[in-house]
Each structure stands twice: as structure tokens, then as C-alpha cells.
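Two complexes come next, and they have one chain in common, chain A, joined by chain B in the first and chain C in the second.
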Partner chain A sequence: MDSLIEIEHLIKIFPPNVVALDDVSVDFRKGEIHAIVGENGAGKSTLMKVLYGMHSADSGELRYHGKTVRFAAPGDAIQAGIGMVHQEILLVNEYTVWENVVLGQEPAGFFGRIDHGAARRIVTEKIHEFGFNLDADARVSELSVAARQKVEILKLLYRDVSFLILDEPTAVLTPQEIPQLFDELRRLRDNGHTIAFISHHLDEVLELSDRITVLRKGRKIATIPTAETTKSALAELMVGREVVFKPIKDNVPAGDIVFDLNGVNLKASNGKDLLRDVSIQVRASEIVGIAGVEGNGQLELVSVLTGLQRPDSGSLKIHGQELMDSSILDRRRRMSFVSQDRSRMGGCLTASIMENMLMTHHRLRSTFTAGGGILIDDQKAAAFAEDACRRFDVTYATIQAPFRSLSGGNQQKVILGRELTLDTPFVLLDQPTRGLDVGSIEYVHHQIMELSRAHRAILIFSADLEELFRITDRILVLHRGKIVADLETERTNIGEVGSWMLEGAKSDA
Partner chain B sequence: MTILIGLLNGMISAATPLLLSSLGGALTYYAGIFNIAMEGMMLSGAFFAVLGSYTFGSWQAGLICAILGALMIALIFILFSVVLKVDEFVTGVGLNMFSLGLTTYLLRQIFKVKGAFTDPAIVPVPNIPIPFLSGVPFLGRIVSGQNLIVWLAIAATIVCHYVVFKTRFGLRLRAAGYNRDCLDTSGVSADRIRVWSLIWCAVLCGVAGAYLSLGYVKLFSENMSAGRGWISLAAVILVSGNPVGIALVSLLFGLADGLGLFLQRSIPSQFTAMLPYLATIIALFIYSARRRKATGN
Partner chain C sequence: MRKSLIVNLSGILSAFLICGVVMQLQGYPAIESYAALFNQSVGSSYAFLTVLKNSIPLVLTGLSASVAFSSGPVNLGQPGQFLIGGLFATIGGLFVELPAPLMIPFMLMLAMIGGALWSFLAAIMKQLFDMDEYITTLMLNMIADLFTYWAISYPFFETGATFPQTPKIVKSGWMPSIGKFNSGIIVMLLAFIVVWFIYYRTTAGYEWRMTGQNPTFARLGGVPTRRNYLIIMLVTGALAGLAGGLVVMTGPRRFIKGIGANYAWDGIMVSMVANNNLFATLLYGIFFSTLETGSLGMELFTKVPSEMVTVLKAIIVLVVMAGRGSLEVLIRNWMTRQKMKARAEG
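== the complex of A and B ==
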């Protein structure tokens, strides 16, 4: 079969030192559905963005129709016939379907007047040609997410794109909408279009694709025909072979239940289930990990726990006290929280290190304020911040320097210092080591162990399975908004957790 | 009868500059720019209209200079808000003050007068008599003899409506306001569209300024736009930019203005001068109430 696109030895480095793609070579054949699978951060989206001209490669070659090409911008790629449907849908909600499709390449006549008749006819023809169930005159704001996705695809087809990239198209769909999308994609393939399909749901990939490329940590592991592989073989390729590493968890006996989350349900406005009957208990000294492929409800669960989002039902108790109706400040009296986003949720980049260290403390502890809570006692605050920085090993110039002057690892240490010095029975950690170097990760893990020794209950969300195996007592797996497995860390292995994560079920293999 | 004719003619002459600058504001409104610089563009246009007409002895030159004067303000706006990404509101406020200062300064420097400048050498924009209608009672006295710019304003309303809703530029213009990322990924630069909307806004505001100084009267006085740019901003927001709606709202404000002049016989002029501004506040209140009803809170 002819190769439509050949990618040779592609290398992409995000400064300063993140190797997103490490010598990746893939070919896409004309008229195939080619799935790209891999864990978060494996480089799937980066690979596609290089192909689409959104990122430039640092080295390597891209051949299209046998000719070496380099796309400087998405516009160039679209002209050449390569288009991408992004995860977030970009349409003008106020416009009709046909207006959105033709925007930018409108058929126009005298004095720039849009030829409505021709535009509607062309769009309607495309809708029929590809069997999309759409009304060209419908307003986009009234369409479902699935229909909007079709409009995005239609927009590319209108521009005569022959190579379509879909970045996790099923992530925004309800289970009922997925088969229809797949039928449409198959029809496109049978019409001679080539489709690159990013996903981490193995069932979908096996059902839809002709060939599968597996990426892991920026490297291509394999490209295999779908017919020649199985779910468990893919899972092993994706997650990697069992790595031997030492758990550092020491056996502090667990105490009473501290954190008790019960029956949390949350639906999106389009009716999609985001969280389904989630119940979690964490005992004193216990470290419980939440594993799961990103987008399976982690973000929503953290939002519900911290009080940013109200669930449709469910209760949240810490030491027996109901908190689901409490304000965020009330929750913070009992809950420390390290967010995954250091610069936006975790801290304020332009505020000083001292101010970042003091946040929340200044509301909960009257020792830092004077004048009945109106003024901040600068001297006490600075002394506290300096002490915390010493204890948490922060390298900084002056305590008044802006937070942004710190490296990522030191910023994280400031946030950990602030949160862990709050005297709370429960600690919530959301990706506490994301983006940190090995030394800082080590440090954070030891701090978490200290918490356990101090009889605090710890819940940690992590995309890094090795991390969870290193420090947790139990691992819960979140899949499509539901806790599908509750595993003792000592009695399970990465393969088992991986198959729960990917399939929501235990692998037969 | 004479009173009614006077009132209607007053309404038309007060509505014309509002209509023109509001149409300009509507174009930028659709492009998603919070443009409050219509006031400054109009004032600059009014000054340069007089300067051009006086210097070259022709109203055509006055009209062209008015447009160039307003374009100068627009180009500064483009530099700051589109290129340098400065806050649009701050840029607009700054430009309005700049325009007031600049025109006042130039008035004193060039014409060596304070307050207002008028001279027989200033050629006004002509009125257009319509021969076969001028004899008709009532209608003739309203339709015939209106200023050329009044007709330009009516034409501009129709053209704006056509451009915004029927043309390729209009579809992109509105897309720039609704979802600029979508427009950018569709291969059209939203910034380019914004620049064009500001340029056309300046052309319309320049003509509005020329009407103030060469159509309505034949002089330039300091701060002669007198808040009309702000009223037109209110008009644009009130009807969400719709050109036909703007025409109606402008006539309504014009009526308030004309009524004010008419009532000056019995009520102190300070109060009657408040009428257009009062109408603005009432209109915005109605708008807010209507929107609350629509969104259900």
C-alpha cells in the first residue's frame, strides 16, 4: 500500500529539557484508520501537532506524497490537505452549520455578497455525501457536542482535506454517540480519506482502526496491524513491562476512618455522567492513590472535594463532620490541598514567596493578623515563611521575592510547605510531583511519608503509576467517572492496574 | 404645522451625527472591540473638516480632511489595542482626552481664537434641494433641502446592514466578535478584521464630525462633539449593533434633542439640554431590564 505520510526520526524537545518525541518514525497509508495510543505524556498529541504545523520539529523529516514538507502553520497543513479536529471544539455558536463550515472560504459574488444558495447547497451535499445526520440551517448553539464535532469534521471536508487527525474525539461523547461517530469515520475511510485517531481507550482502538502505533514516553514502541494484536498485548506495550522498584512505604498501622466520601454523582449539562456513585474512605496514616487515565473524572472529583463544584448528590465527612454544604474556607480547616496547577490554583506568581506561604494561614490562624484580622503582622508572617522555607528546603533569594522567581521544584515546595503546615487531619494531593525533577520527586515522597507517620489521612491523584506503587497503601482506579477497582498495593501489579485503567475491567490475560 | 416641521427637522439634524458614529461603533462592536473612541474620532473629524474647508476653500476637501483626522485617531487605537494589546477601554479614554486636547490646542495655535472659530472662508457641505418635491407642502419642507450628509447617513445605514449581514466581510466580522479563535483557525486573521472595522468606524465618525462643523453649523468650537460619541456607544449597546435598530434609536435621541430645543421657550435651557442624556439613561435601563428578563435572573 502507498504511504501518504512518512515521518522519519522526529525529535521534539520542549525547553529546557523535556523530550516530547524521541526519534519517532511512523507512516500513514492512504485510506487507513491509524490509531495512536499511549499514556498521558507519551507524545501522542505532540506528534499530531508537529504533523499539523502547530509545533515545529527540532529534527527529523516529514514526507507527504513522497515529497519532503514542513508546515509552518496550521493554515499550510490545511492547504496541503491535512486537517485536525481538536479536543476543544472551536465554532461560532451564534452561526448556523453552513455558516460555520464556509467561514474563511465563503463562495461570494458581486461586492463580496455571500452566495447563500451555493454555500448551503455545497454544505448540504457534503452532509449527504458523508451520511452526516445534520441540518445545514441549524444553529450551532442548539446542537449536541457530538453534532458540533461533526460540524468540525465537515469544515475540514469542505476544505478538501484528505488526511484527518482526530485528537481523542470520543472523550467528549456519551457512550451512545460513539458508534455513530465510528460509522462516519469508516465511511470517510472507504471514501479514500486517511484518518489518524488518538485515543487511550483500547476497546475503541481495536474496534475502529486498521493499524495501531503505540507510543511510550516519547518513543515509538511498535506499529502493528489491529488484526494481529489483542487488548492485553496492547496494554503491556503501552504501560511497559513490570518495572522493579522499591516501595518506600513503611508500615504504619492505619487508624480510624478520617475521610469518608459517599455516593457522589455528577452529571454534565449535556447529561453525560462525570462521576458515578463515587465512595472513598481513607483512614488515619493511610495513603490512598487514585489511578486512572486522564479525563475519567479526576478533575471533577478534585473539584467536588475542594468545593469548587457541587455534586448532584453525595456526602463528604471528615472526622464525622459533614462538609458537602460547607464553604471552601470551612473545608480548608480540615483539608490541605496541593493542586496540580502550581501557577494558577496553587500559588500566585506575582505575589511574594511570603505571601504565597501565608495564604489560607492568614485566614485560619489569628497569630498572623493584627487589628482584628484586618492587618497582616509582617514580622510574624515573614518569620513563619522563612521557617517553613527552611523546613521544606526551599532555595530562594529573599522572602519578598516574587513567587515566579522560583524554579518549579521550589514553587512546589513552597506550596507543600504551606499546605502541610496547616494542621489538618486530611491531605488531598493532586499530581504533587508533576513536572518535577527526580530529586524533588524524592523529596516530596518523603514528605508524604512524614504525613503518614503523623497520622494524617492522605488521598493522592497521580498519573504516574510508579509513584503510586512507591508510596500508597491502596490504589483505587477511576474509569469513566466510576471507581472500578480497590486494590491493595502490595497485592497487585502495574499490569493489573493498567488494565483496569484502560478497560474498566480486569484483563483476562 | 410649522412647529412640527421644526421639530422633525431638528430631530433629523440631531440624529445624523449620532447615526453615523453609531454605525461606526456597530462595526467595531461586531468585531468584538470595546471601542469608546467614537467621541475622539468625531471631534477630530469636526476640527479637521473646518481646517480643510477653510484652507482649500472646498467642502469636499473638508470632508476628506475630516475622515483623515478621524483615521489618525483610529490608527493610534489600532497601534495600541490591536498591535500592542493594551486594554481597549484605557486606550479609548486616553484617545478621547487626546483628541479634545489636540483640537483645542490646534484651534488656538492655527486660528488664534479661544472657544470657537468661524469665518466666511469656510465652505459648508451643501444642502440638497429636490426641485419637484420642494413645492409639496409639509413633505417638501422636510425631504427637500436636507444636508448632503443626511443622505450619506441614510445610505451608510443601508450599506452597513448589507455588509454586516450579507457579505463575506460581514460573516468574518461577526465571527471575530463571537469567537476569534474559531476565525483564526478558519484561516482568517481576526486582528486584520478588527483593523478594518476600526478603519471603517473612523471613516463614519469623520463624516459625523464634518456634519457637526460643516453641515449643522459652519464653525468649530472646543469640545463640539459634546458627548455624542458616548451616546452613540449607548445606542450601539442598546440594539446590539443592528444598523436598522441604530437608525431608530438615533432618531429617538434626535427627537429628545429637538424637543429640548423646542421646550427651551418654557423651561430653562440647562434642563432641556439634559434631555438626550436622560434618554440615554432611560434607554440603558430598559435594555438592562429586558436582558434580565431574557436571561431569567
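== the complex of A and C ==
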């Protein structure tokens, strides 16, 4: 088969410590739809960004039409015929479709004037050629998200891009809009275009692609023809843990209801349902897991719980206290929160370890403040932070060292130390072991067990099913913004949860 | 800490070198010119006290910018807040007369209220209408400029003057001098200490610093970022206003057209070259004032136009800031190579 692009032994490092791509080799054939799948942090986006000239590789080779190339910037890649459609859409709202498409590469008329007639004609021809259901004269501000996405694709086609990269194109679409996008992508392929697309939804991948590449933790696991694989085989390749975890949950009898979320609804501005009537109860000592394929409402649900986002309706009670209209600080009196994003939400990379440890405590407890909470006593604060670091087994140089100097596992331990020493009845954990090595994962799991013994109510979001089976009492499945299943961990199995996750229904297989 | 010292010192040295070459090319003797520059600024205690006095508006507006930028709000309204602060102090000094121990604090307070009022306008527009402060503060600068021009041309105009200015303020409102030492310097240092203490020793300062570095982290940690935003805008506005009041009370003792000069913009430049570090802001403020003050002497003795110092300042800012960025890149590349090596070995 003739390969359009061959990637050989690609390595990409994000200093200090992250190997985002670890010796990855993939080839893309002319005229195929090639899906890239993997858990978050597997390196999908990084791979595409190297291909597209946004990142430079630290080692390895990129061959295009058999020749070694190196793109210094996205502009070079587009010139060579490689373009990317990003998740966030970047268009000028006040311009019409054709104006947006030609922007930056306008057909010139006399004296360098833009030849409006020609521009409009060319864009209209492209729309017909590829069978896009678009009006070249429509203003972008009046278009749906799906139509805007088409304009983004059209921009690349206008620039004669023959290799299109799509980063989770379905994430912003409503279910009804997806088939049309797929039809258009198939038509492009049949026209000789090559398409690489990133997706979390395995059913979409199986429906659309010709071949599939699976990445895990920066390494390529496999490239397989779609016809030769199944959803469960793919899922295993994606997640596949070498270590099999045994359940470590001990039987602490559950107490009263601590956390009570009721009837939460949230719609996106385009009318897409993000959360549909979500209700969750967690009792004291109980560990409840939320499973689901990424992008099924987890992000939104966490935002609603933490108070970053206000739902359209619904109530949130902890120990009977209504909190949906409360400030974040009021919620945090009753809620510990470990976020999945250590650098953006969980911690502050440029601040010191100590400063990271003080957050929230500085308002809620007075062990290191003076003058009625107005002053921070540096020595006491350092002692408090060092003590927490010791209890949570953090390896660090000095307490004043920047947070970013710590490894991922140690950063997570600092965050856990900060959050779990808050004396709260409810603990919200959003992928607490994401990106950690096996030893750190083990450690985090044992900490969660401790919480359960201390009669705290725990809600944990995880993309890792084995993790949920190891530590939870109940597993709820989130599918397209709705809780579709409430399963007792002891009475279910990975296969059952997996089919709820992927299809939103119980399968007989 | 040592890293930033190296970046700053080597940056300043290379800027002097570059500027020296420029002077030589223009036919001015570089070494003699620099000698005159420093002789006229730090060569005598007399000269240095002048440097300190001239540094007051630079340091205070610089502090205002540093605190704002490193806490989140992009307050670029120091020029306007400076003018309104100066005008408020002047009006107090025209219509109220108290004994000096009361009069001076009273006028300084008015100056701070004036500056804070002006930044409050921008802050409230942000909170009510979501208008970005870096636009509104800039726009308010123009309004302040023309408004004070109007105020000193009409309602507070000194009858019979040939130039837009107010009458002199009462004598008890003049900042007293002991020899060449102007007590405005004490006010500046006090303000620095207070701001430094708030920023590094209080819960509020902790919250500001965290919000400036990672607003999402701070918000999720329960920091009332909206309320803090308002407070930071008020504090930084008050600092710039204080600078305006002090310039009125140490200098012409009246509000005169063009009193704001370029102080506030220079202050913003100081905060940028100091990378928003408060102590570095103080040092750079004094250093830039040294150059500014010495340049007049240099012009007198060597015929090098004093504008040369503007060139020198600009080169310092460029070299230091570029040096900071490229050092980061060098360190990152080095770390990448280390990681590659570690990977190759196992």
C-alpha cells in the first residue's frame, strides 16, 4: 500500500518530566480514514500537533510522500497539504461563510484588490463539489456549531489540503448532527482525501474508520484494520493494565445519606443536553464511582458540584444543607475536592509547595493564621505544610521549592494532603490517579479506604474501570449526560459496566 | 533568586555596553558620559537625595502596576489615577487649612481616595458589564487628562495666571524638607513596607498572589476572586493616586498642566522590567530615577543629549526581558536533553 505519511520513532518530551510520545511509529495511507484512540494523556493530540507543525519533535522522522519533512509551523504544514480542524472553532462571526473561507488567502484582482466575485464563486463550487449543505452567503454568527465545523473543514479544502486532521469532531455536536458529518467525511475519503481523527467514542470509531491506531501512555500499542477488531478488543488495548488489581474494599457499613444531588439539568448554548436529570446519593463510609466514556457529562457534572458552573435546575445537599446557590467557599467547608487537572485546578505550578498546601485551609482553619485570620504566620504555615507532606509521604527538597519541581505522583500527594486534611463530610475525587505510576495509584487507593473508615462519603469519577471495581461500593454509569445504570460493584462485572458505558444500555453479549 | 539576579545584572551591563557603542558611533565619549551620569546622581549624598526624591512617583506607580499585574487585574490606569489623586490633594490644600501634622495625612488620604475612585470606575464596569479593565483604565486615562485640564483651567484656575494651573496649596500641606532630604521619601518607603507586608504576610496577600498565578486554582480553593478583584483595583488605584498627591506636595505645590509627565508610564515600565517583584520594583524605580537625574548632569558636562537616557532605559527593558525569556528556553532545552539521555540509558 502506498503510505502518504510515515512517522518513525517519534519522541516528544515536555520538560521536566513528561514523555508525551515515546518512540511512536505510524503510517497513514492515501485515501483512508484513520482513527486515533486512547485514554486521555495517551498522546493523541500531541501526535497530531507534531504532524501539523504545532509542536516540534525531539527525535524521530516524519516522511511525507516518501520525503523527509519537518514543519516548523502550521503554515508550512498547510502549504504541504496537511491541515487540522481543532475542537474550538476559530471563525470571524461577523463575516459570511465565503469571507471566512478565503480569509488569509484571498483571490486577488486588479492592483491586489480582493476579487469578491471570484472568491464567492470558488467557495460555492467547493461547497457543491463536496456536497456540503451550506450557504456561502450566510453569516457565521447565524450558523449552528455543526455548520461552523463545516466551514472550518471548507477552509482547509479551499487551501487544497489533502490530509485532514480532526480533533474530536463529534464532541461539540448533538447526536442528530453526527451522521451528517460522517457522510461528509466518507465522501471526502472517496474523493481521495486522507483523514485522521481523534475520538473517545469507540462506536463512532468503528463506524467510520478504515484503520485504528491505539495509543497508551505515549506509546503506540497497535494499528489494526477496523474490520478485524471489536469494541471490547479495542477497549482492552486502550485501557489494558498489566497489573490486575484485586478489590481492596473492606466492608464498612454505610451510614446516613451525606451527599444528595437531585434532578440536575444542564443545557449547552446550542441546546445540546449536557446533563439530564442527574440524581446521586452517597452515604457515610460509602464509595460511589462514576463510570463513563469521556465527554459524556463528567466535566460538566464536576463543574456543577464544585460551583464553577450553575445548572439550569437541580439541588445539592450535604448533611441536609442546601448548597446549590452557595459560594464555592461555603461548599468547600463540606466538600474536599481532588481535581483531575493538577496544573490548572488542583495546584499552582509556579507557587511553592507550602503555598499549594495552604489553599482553602487559610480560610477554614486557624492553626497558622494570626490576628483573627488576617495574618499568615510563616513559620506555623511551613510547619503545617511539612507535617501534611510527611503524613502523605511527599518526597520534596524544601517546602519553599516550586510545586512544578515535583513529580506528578508527588504533586498529587500534596493535593491529597491538602484536601483530605480538610475536615469535610464529603469527598469528591475526579480521576485522582490519572497519570500516576502504579505505586502512587496504590497509595491513593489506600488513602481512599482510610476516608471510608473515617465515615466520609466519597464520590469518585474515573475512566479506569479496574480502579472502580477495586475500591467502590456502587458504580453509576454516565452516558450522554444521564445516569443510565446504578450497579452494586459486587454484583456486576466489567463487561456489564462496559456495555452500559458504550451503548447506554445493557447488552446481551 | 540567584538566577534572576544574574539575568538582571548581565542585562543592565549589556545595555550599558550597547548604549555606549551607540554613543561612540555618534561621536560622544561613552566613558566620560557615563562617569558624568553617575557623578551627577550617586556621586554625592546631595545628588543621591535628589535621586530618591525623583524616584517617588516611579516607585509608587511601579508598585501599583506590580501588585495589580501579579494579582490578576491588568490595571493600566496609573496615569489617570495619578492625576485624579493629585487633583484631589490639591483641592484639599486649597480649601482646608489644618496644622501640618494633620494637614499632610489629610491630603495624602485625599490623594489615595482620588486614585481609588478612578480605578473603582474601571472595576465596577468590569463587574457589572464585563468590560475589560485594560481597555477601560486606558480610556479613563484620557478622561482624567482632559478632566484635570478643564478643572485647572476653569473652576480651580489661578486668577491672572498665564498658564493652566491652580493657586498654591496652603503651606501646612507642603512636604517638609530637612536640608535636601524631602520627607516624601519617608512616605514612599512607608507605603512600600505596608504594601510588601500585605502582599507577603497576610491572608489577603496570599490570595492575591495565588489568584494572579492561577485564578482557577484560587477560585476552586474558595477564594472570593470577585471581591478580591475590587479590593486590588482600589488598592492599586490608591497607590497611583498617592504618587500624584506626593508630586504636588513635594514639587510645584499646586496642580499645574503636565504635572503627570511620563511618571506613571515609566512606573509601568519599571514594574515590567522588575517582573512584578515588589522589591525589584523599588530598586528599579530608584535605578531609573538615578539615570533620569544623572542625565541632566550628563547633558550639562558632556553635551550628550539627556534623551540618550531614554534610549538606555529602553535597551535595559528589552535586554532584561529578552534575557529572562531566553534563559527559560535554555533551561527547558537542557531539561529535555537530560530526559532524552536518561531515557536512552534505560
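Some points to look at:
Rule of thumb we're sticking to: the second predicted complex is superposed on the first by the 349 of 509 C-alpha atoms of A that agree within 3 Å, B and C clash if a C-alpha of one lies under 4 Å from a C-alpha of the other, contacts with A are read in each partner's own complex, and residues count from 1 in each chain.
We adopt the following convention: contacts are C-beta pairs under 8 Å (C-beta built on N, C-alpha and C of every residue); 3 or more make two chains touch, one makes a residue touch a chain.
Not measured: the values here are computed from a predicted model.
By the touch criterion defined above, A:L308 reaches chain C but does not reach chain B. Look at A:K67: by the touch rule set out above, it reaches neither chain B nor chain C. In the superposed model, A:L375 lies in contact with chain C only, and not with chain B. When the two complexes are overlaid on their common chain A, residue A:E94 makes contact with chain B while staying clear of chain C.
Looking at the shared chain after the overlay, A:G112 reaches chain B, while chain C stays out of its contact range.
For chain A, the partner with contacts to more residues, out of chain B and chain C, is C.
When both complexes are overlaid on chain A, the residue A:M345 reaches chain C alone and has no touch with chain B.
When both complexes are overlaid on chain A, the residue A:R491 reaches neither chain B nor chain C.
Within chain A, not a single residue is touched by chain B in the first complex and by chain C in the second.
The touching residues of chain A, counted against chain B in their complex, run 74-75, 78, 90-95, 99-100, 102-106, 108, 111-114, 155.
Residues of chain B touching chain A in their complex: 162-163, 166-169, 171-172, 174-175, 178-179, 181-183, 185-188.
Residues of chain C touching chain A in their complex: 201-204, 206-207, 209-210, 213-214, 216-224, 331-332, 335-336, 339-340, 343. Considering their complex, residues 11, 13, 15-17, 19, 22, 58-59, 306, 308, 327-329, 331-332, 337, 339, 344-351, 355, 358-360, 362-364, 369, 373-376, 378 of chain A touch chain C.
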